[in-house]
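Following this line, the structures themselves.
Next come two complexes, and both contain subunit A; in the first it sits with subunit B, in the second with subunit C.
Our next item is the complex of A and B:
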């Protein structure tokens, strides 16, 4: 399961700070929502369910966007062990 | 309960780098219409990708350029540079506006004749004129701009066979203070070769020397260079009159004015840095007016601009094929137009926009064409909105050189549509098909069959 590093600070307005590197990032509102769901330990299926209840979207595009988003989180080294279990 | 609109999730690093002090905006306004015609509907009717040319933009740009010169100088003539865009419909818009034709090969010469341009209003430039081309242009009383001594002697030898006196000018190259210096075309001014050529033509008496021509470079951002060039040509004209009593009918300043496209590596966008037609006109006409040429003998001023007159009128619209991530996490967007049809992507940071409004979010993106070739890059890095597969884009200012230098490589050249003054689309060049390509090929009998 994908886990966000514990020391990463995420503000309610979508500002992300990595104290390990000093780098900061911004999230758009859906990015913030998804990162918080990941942080709360939800699986992909649960996240998909929650998001599709709230937003007008199809599962196929969501899957594409979700994995593109999480690959960016890995790329930016914001996930534990680069996201591997 | 109605659901909310979903925007794809994104995360972006905040870079505390050195932004431009003017803080140029990253937001790219969509362009949905050209001359009030929806780009989406044009793509639906004519396919993707598609070149779209605006006739009213051509006419407006022409009038603007011509006014800049004619309001400063008594006798001005434009000659349409065929190599910049020789689609017949485009050429004829310029001819309707009053342009003569400027051609640089036998093929372009025949194209101009076939479009209905009278032979004596065709300027024949360039280093490649065959004996047959020269004979034809002498008979048609075209204006032959001599590039080298071999050509001069070819014309002299043709005067023994043809009754008509050839109308000629020489092309002059010179130092105008710019780099690179173009010295491969014509006769050099500084080393005296141009003066030598003029004296030989005057001594021969079988040629009718009408003018002087120069073309100092391409995509010129400096108006001073034109001022220097015009002064040097004027000086040659004055010397000709002093020594031979010969009055030249015209001075042809060539073309080379920059368009508003941004060159690769430029710090500021071309829209901010390119001199206006008025700036170029002021430099050239003031040099001629203040020269020693007597007011009664002021020659006709000919200009052969191509790029600056047509670039703005051309658009290339198409669709996104796919998105992917590069090894470093950067976004890559693949579109259906490659460098094979957008040759100018090698020189310019083309202005590419979404056709419809998409999210406010942008990401550092590389835009690739569809070719299976590493060089097929339309924009190296651009803050670009997140277009999805199937979304449409439009690229501005592609009217110059693309419809002439495009290649049939890997895929076919697409349709070209002209929007007339009322916004009505006219197909002016059909897309190529497999049959177009195969019709030119011949397969030997023994290679027609094979077993696999």
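Our next item is the complex of A and C:
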């Protein structure tokens, strides 16, 4: 399961700070919601279920955007399972 | 607690686009709750901003360049000491450290305390000795060779892949992409800083730095890691942020422990994409961004002065991660009378 690194700080405003590199990022409200769901330990299926219940959306598009988003998180080394930690 | 009154003389008041550490060190001392410092600035140039910053610098004296020799400098320090009774002297330029280290005993006899690395510590971390240093202390360093002429490089050119980094003995570094560029930068740096010039393997990655203070017995009194977030065209940090990086901290502790480093230092490191740390330089003094460490909770200038005074200093164990600095420029309006006084009398 995808895990956000423990030391990554995520504020309610969508500001993400990586204390290891000093890099910071800004998330839009949807990105923030998803990253918080990932951080709380939810699986893709659980996140999909939660988002579907809350928003009107089609599962296929969500899957594509979700994996786009998570691959970006991996690329930015914000996750623990990108193979090098 | 009552503050200790001390007269602290220091150099590096050139708070310009490539600033010396003097003003940030003074800001640390001004923030101190232990020291009530009278700041005596030592300057080389009439246009160094420090002398005109009266809220930070109490009195300024011009001093001869270290290249003029030890005696003229000591004579000037003697004169200043007679007037100001210097308790602690903090040289902030790499280029003057050798002279002050050599004169440590004489200064001590005069009653002036310093807290500098030993000559051996200073010499062995020279850029030209870095490969041996890395080997001795088990630290990854990029391959490098000192050269005395461009023809020297011709002989060893096949040991390197381009680009290479062309570095001065004290300051300046350029990335050269072919032999011709090595020649251009060799001449440029040699004309300014002299020989040898160091040719260093270029390690791709992110530059990260640590400011630290060693007590001379192997203990790290304080250390704060930082990444430059904004770099000027001169390669100087114009912004930075403190990091949480146990690997960098371990490396710092290891170097200070093994070398029994005495005084301030700045470690310049490159973190590669494979997360390996390469040490590219050790600067034997506090860097110009030291005030970030003060703001993050480690007043290293204060600790350095206390150590120089022979006081016990409890090592810092914490600092604030994510503390940032953003440098700015500011047009200070100065009185011609003051400029005249510094220019003609050498004092302000």
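Side notes on the structure shown:
To be clear about the criterion, the second predicted complex is superposed on the first by the 81 of 85 C-alpha atoms of A that agree within 3 Å, B and C clash if a C-alpha of one lies under 4 Å from a C-alpha of the other, contacts with A are read in each partner's own complex, and residues count from 1 in each chain.
Rule of thumb we're sticking to: a contact is a pair of C-beta atoms (placed from the backbone, for glycine too) under 8 Å apart; a residue touches a chain by one contact, two chains touch by 3 or more.
This structure is a prediction, so every number in the text was calculated from the model and none was measured.
After superposition onto subunit A, the modelled positions of subunit B and subunit C are compatible, with room for both. More subunit A residues lie in contact with B than with the other chain of the pair subunit B and subunit C.
Superposing both complexes on chain A places the Cα centres of subunit B and subunit C at an angle of 80° as seen from the Cα centre of subunit A, in steps of 10.
When the two complexes are overlaid on their common chain A, residue A:16 makes contact with subunit B while staying clear of subunit C.
Contacts of A:7 after superposition: subunit C is touched, whereas subunit B is not reached.
Of the two partner chains, neither subunit B nor subunit C is touched by A:44.
Once both structures are fitted on chain A, no C-alpha atom of subunit B lies closer than 6 Å to one of subunit C.
On the subunit A side of its complex with subunit C, the touching residues are 7, 9, 17, 19-22, 84. For subunit C in complex with subunit A, the residues that touch the partner chain are 206, 226-227, 229, 240-245, 274-275, 321-322.
The touching residues of subunit B, counted against subunit A in their complex, run 2-14, 323, 325, 328-329, 359, 361, 388. Taken in their complex, subunit A has these residues touching subunit B: 16, 23-31, 33-35, 51, 54-57, 61-62, 65-66, 68-69, 71-73, 75-76, 78.
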